[in-house]
Amino acid sequence: MIGYGFMGAAHSVGWRQAPRMFDLPVDVEMAVVVGRNADAVATAARRWGWAESASDWREVIARDDIDIVDIVTPGDSHAEIAIAALQAGKHVLVEKPLANTVAEAEAMADAAAAADDGVRAMVGFTYRRVPAVTLLRDLIAAGKVGRVQEVRASYRQDWLVDPETPLAWRLQKEHAGSGALGDIGAHIIDMTQFVTGQSVAAVSGTVETIVTQRPLLGAGSGLSGTAAEGYGEVTVDDVALFTGRLDGGALVSFEATRFATGRKNALAIEVSGDKGALRFELEDLNTLQFYDRTAPAELQGFTRILVTESAHPYVAAWWPAGHVLGYEHGFVHQAKDLVEAIAGGTAPHPSFAEGLAVQRVLDAVEQSAADDSRWVRIEAHQPASA
Amino acid sequence: MIGYGFMGAAHSVGWRQAPRMFDLPVDVEMAVVVGRNADAVATAARRWGWAESASDWREVIARDDIDIVDIVTPGDSHAEIAIAALQAGKHVLVEKPLANTVAEAEAMADAAAAADDGVRAMVGFTYRRVPAVTLLRDLIAAGKVGRVQEVRASYRQDWLVDPETPLAWRLQKEHAGSGALGDIGAHIIDMTQFVTGQSVAAVSGTVETIVTQRPLLGAGSGLSGTAAEGYGEVTVDDVALFTGRLDGGALVSFEATRFATGRKNALAIEVSGDKGALRFELEDLNTLQFYDRTAPAELQGFTRILVTESAHPYVAAWWPAGHVLGYEHGFVHQAKDLVEAIAGGTAPHPSFAEGLAVQRVLDAVEQSAADDSRWVRIEAHQPASA
Amino acid sequence: MIGYGFMGAAHSVGWRQAPRMFDLPVDVEMAVVVGRNADAVATAARRWGWAESASDWREVIARDDIDIVDIVTPGDSHAEIAIAALQAGKHVLVEKPLANTVAEAEAMADAAAAADDGVRAMVGFTYRRVPAVTLLRDLIAAGKVGRVQEVRASYRQDWLVDPETPLAWRLQKEHAGSGALGDIGAHIIDMTQFVTGQSVAAVSGTVETIVTQRPLLGAGSGLSGTAAEGYGEVTVDDVALFTGRLDGGALVSFEATRFATGRKNALAIEVSGDKGALRFELEDLNTLQFYDRTAPAELQGFTRILVTESAHPYVAAWWPAGHVLGYEHGFVHQAKDLVEAIAGGTAPHPSFAEGLAVQRVLDAVEQSAADDSRWVRIEAHQPASA
Amino acid sequence: MIGYGFMGAAHSVGWRQAPRMFDLPVDVEMAVVVGRNADAVATAARRWGWAESASDWREVIARDDIDIVDIVTPGDSHAEIAIAALQAGKHVLVEKPLANTVAEAEAMADAAAAADDGVRAMVGFTYRRVPAVTLLRDLIAAGKVGRVQEVRASYRQDWLVDPETPLAWRLQKEHAGSGALGDIGAHIIDMTQFVTGQSVAAVSGTVETIVTQRPLLGAGSGLSGTAAEGYGEVTVDDVALFTGRLDGGALVSFEATRFATGRKNALAIEVSGDKGALRFELEDLNTLQFYDRTAPAELQGFTRILVTESAHPYVAAWWPAGHVLGYEHGFVHQAKDLVEAIAGGTAPHPSFAEGLAVQRVLDAVEQSAADDSRWVRIEAHQPASA
């Protein structure tokens, strides 16, 4: 695993728990965690149960005893590491977003396409593997909502409402690529494409930075850092509002914001079709709402499905009905699915091509926002190998 | 209409709105409202749209131009007025509870049974006529929950949590009969019997007065009165917890309380059967929750039915789907149903016999509470005419 | 009252109930209802309690015994009737939207400005008078959310999801002006401006007609009509998605749709500020959600206020705490406020100028939608009298 | 760890995750798991990450390299194993309920009291360690609800609604002690005592077996077993309804049932005091509802606290705000707290004495149920050593 921030903790739980809760075809060893600060990464290794720590990711990638490279660094380093790992014949898991730019993402998708047979590349949109989200996708695929006519997708947080929240790397364009758009907007773009099985074909959008100067970051990092003296410029967006059109014709309203006071991790998606509707909210992670327009008129309503039955995706490996799962279970399911795909010789999703597709939508939103919100079409990627 | 307190306002809305919103077979005239304080009742008449006011109910009952007598006085006067009215050949509507004692209620039920053909007697358990409650009853009758195996019924308010709330007539046994038990417990007993179509056959219960001394009532009356100097004894219960058994065998948990901090008018009933379950909450009056155990396993959940469709009981006369109804609509439906029953020559529900059945359960709870919570059986009433 | 469709029923309840539930300074007489079909309007008069019916609105407006003209016809006739009524010195209430075009709305606003002293003009955005909405406005005005930073407003229905719903007047541009945009979009624009006290200064939007051909309307009208043979073209939008910017700087996401499967009358608004947030949903009409960022960290959360306390706007006239109100209560409050404004010599809100402001936003959305979603600025109206 | 059923999986997660997510003072090694079926327990050891498996618990308890004995067997074997382990100087964690009978529980409490200094004994009421429950307790202790006046506690499941669910050990008195009462009723008794800091002093109750004959258990065990031919008698209760009185005077309504159709793991507790109220529901595990009667009247309501802030108990070790936890996190917190208590020389809760107190209440409910629901007082235990 390259990187050891907050995402490193979550990925570690995934690797630790997957072989204990699921019956995997091969065993998993947590070999080495890599980071620039030798002391800090050694501490992380001990704490999270990795056998070793190291500070040079190139050396680790070159090792014969490493099969999977899991990349959880900030987005600006994803392309270099992932391409090198793929070229070294390693399976690669990259935390989302795939990259900070379309160019990087294209290079990564090309590298994945060019990799040796059986070498797998996967992007970490783990919310796909929340059981309720997988169920949502399955029900749409089974025709339960009919033809998709509208989608509403939003991801709302409030951790930037406080103007004294310091200037972490996520607020700097050179490290994060973009702000709410790339961090949380990427999730709802991917989820929309995943659950509908359609692509976002065009967008019109607006992005905005509400608080433009923030205290410099002192001690710590990320969300929990403390402020130092002086102020610096926020170079990414705080809010992104955009409208998309799916290739099947439906309109989608997207909203990504870090200024929705009182909303902590409020991803919500609602898909409306001519036969029914489905709704998921991440803060109520164990439930899925389903409206069946084909039910008798006097009985129609949104059914709140508690997605904790053994009939539901992934759930049979866990607890009895009504015993809820949490945020990190998506990482366990991600590790399980990647290991099974590798062992089974199949391609795991989301692929790098899917990660690139998200990146293209993000890019199109920024283009539209810079052009008075005019609509921007998203072209499909032609792989370099074609 | 005899009486002009809070309930008078609600009944007046019923009589005023029913002929305007529904297509009634006969017209309704709001003739006269009766109360002891001539000035106050005259004001009420003007305000609520009654043609006249009067202070002697016996005179009014004797009038030829009066067809329906609507009794909204405190419970200790129900029996005398209702029996006189029935004997005078008037149709009678009595606000719940039917009476303060079983003896009074029996006399009233006997009077109703002995009344002339076509003279109708009805008790004002208006919550039966909330569309969601009528739907709940209909769905049980249609077998949607299968065999009833458990019922949970509670009615929780908090207006007595403040120990300085003054000693209104509802807190005095001689006027109110009992406290939370008779006032709000009566509602959940009636609703349980109504929706299940079964009778409570036995009970074991506990009643309690939490605040035993309260300020004497000064100006005003009822819930909005202000305190005078001095304290008096609360002679009714604040809380009643009891377990019942339906004649079909199912256990019922009942809870009536005026000390549920934060709960304002929180009547809730949940009926669990071997095929499904139904749940209603009065503070969320326009919805009904339905769980269908016969649905596919992965789709089961409580469906929140917004009971505002024209397919739902009473709703077609009101607004389009999603335009919600409120508390007083039950009184409009009550007026409509009574007028239609009179005109159509049918017996309206709830009958005085049903009101008496509730009274018997209330009495049995008090007996049980006075006997270390031992179970008390409720015998069916043998009408005097039998 | 001119017109007698669904809105006529609702306005009639307003006039009927206001003097009965509130202590008005003057009495209200429901004099005459006007419609082209003499039989139908006579039936409506009888049913709803109007003293007379008539078929020529000009004659009625000319009568000396008429003080208030209440206009509930389709939008294309609002301007002509309202202007004539104002010129005749009558107080005017016009159901929303004020008009179908900006030009008509401007003429109406000018007529209201030019009317004799003390002649009042009001637009029927009744949702302002839902107690929870009035409370929401009051709390923002009191600084409870601090500086408004984001607004989310949506109004979602599903009555057009069925492609066989017939082509009612609301789906024809010549009568309705626009579709979801003007009908329900108008509500969320007005509500946003009302509760924030700010104006929408610019918009970027998209409108769309999802089902373009519908069965011709046979018997009946409006939502409850039945289909005839043959199909006609839908000439208004089904969905409108737009982003607005308030003059105070905040972004607003707007969504108006009749294709949100399972949503019946789902107006929702959430206002996020630097000190807190407020949220209202019309299908849960008696509650308001408040998030207080100034509360202790471990106790922060959305507080669900049941807006049924006597301390809440309008509520003291109705029932005890927890006894909920419904859709038509807004019409009662509207009638009360208009009568009190007339009697008290004050200007009621929303004024025609406010109605015009909504119309300008609607117009700007259509302009933007026709211009590849580019932003369109909304200029303030310069009254003709200036 | 002795035992390896469903609870073994959950306890294993606790031991595996605690040292990885929390900064423990000593390291934890998962040494040996013990079960009668050597093959099955070996599989469990491999799967769950225990270093060894064994089939004789006495041998394992005798080993010097074992510090903590974690007992997750059915209740009938708890006493023997726990007493032996304590006498061998091992720290003991016993899954709830402490035992099947009061006599066994007393012996265990006595053994814990008689154990060597520093030897710790703890009962596995893990729900105490759901962050929202710990917060609930803390807020009551801080006076946020004032004087406790009422408690409502229910635990409702529906896995026995299907009459063909086979006769697992949990339905047999000799293994399970009692049914819904001892299994899930025990949780709400403990939680009530934990959060209020008071003891249940008396109870009046009813227990019932709704389905008295069930298919014999074939393959598998527990909830997931399949039926064999033939039927056997259910010897435990399906439902327990009881009323309790706390030693501080407040009444408590308790309901434990496995026949609440549609309810999967619906533990709920609501504590009402003269200053406020608190409510927790296990199926919505990450939230706590708080009503503050001291807030301004127009702002009062239940605040839904999303208990995922770093200011909340246990949460800082996990994820950012809004990233929810699940069922097994309570087991992680339990392992952490036990290890910290052992290392820090303090007594962990709940103690065996607290487990015994629950057992006494369970026993009193059964006595009351057998005696026509008369009230039964619960005497405090006099430790043998006293």
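Things to note:
For clarity, chains are labelled A, B, C and D in written order, and residue numbers in each chain start from 1.
The criterion applied here is as follows: a residue touches a chain if its C-beta (ideal position, glycine included) is under 8 Å from a C-beta of that chain, and two chains touch if they have at least 3 such contacts.
The chain lineup, named per UniProt: A, B, C, D = Gfo/Idh/MocA family protein.
Please read these numbers as outputs of a predicted model, since none were measured by experiment.
For subunit C (Gfo/Idh/MocA family protein), the chain whose average C-alpha position is most distant is D.
Of all residue numbers used where subunit A (Gfo/Idh/MocA family protein) meets subunit B (Gfo/Idh/MocA family protein), over half belong to both copies. The two sides are thus made of the same residues. Comparing chain pairs A-D and C-D by the number of C-beta pairs in contact, the larger count belongs to A-D. With centres set at the average Cα position, the gap from subunit B (Gfo/Idh/MocA family protein) to subunit D (Gfo/Idh/MocA family protein) is 41 Å.
Here the CA centre of subunit C (Gfo/Idh/MocA family protein) is 54 Å from the CA centre of subunit D (Gfo/Idh/MocA family protein). Note: centroid distance subunit A (Gfo/Idh/MocA family protein) to subunit D (Gfo/Idh/MocA family protein), computed from Cα atoms, is 36 Å. For subunit C (Gfo/Idh/MocA family protein), the set of residues that touch two or more other chains comprises 263, 300-302, 306.
Those residues of subunit A (Gfo/Idh/MocA family protein) lying in contact with subunit C (Gfo/Idh/MocA family protein) across their complex are 145, 149-150, 152, 158, 161, 163, 204, 206, 208, 210, 239, 241, 243, 251, 253, 255, 257, 259-263, 270, 272-277, 291, 293, 300-302, 372-375. Those residues of subunit D (Gfo/Idh/MocA family protein) whose C-beta lies close enough to touch subunit A (Gfo/Idh/MocA family protein) in the complex are 6, 9-10, 12-13, 16-17, 20-21, 23, 47-49, 157, 159, 223-224, 263-266, 282-286, 306, 308, 310, 318-329. Within the complex formed with subunit C (Gfo/Idh/MocA family protein), the subunit D (Gfo/Idh/MocA family protein) residues making contact are 135, 287, 290, 297-306, 309, 311-312.
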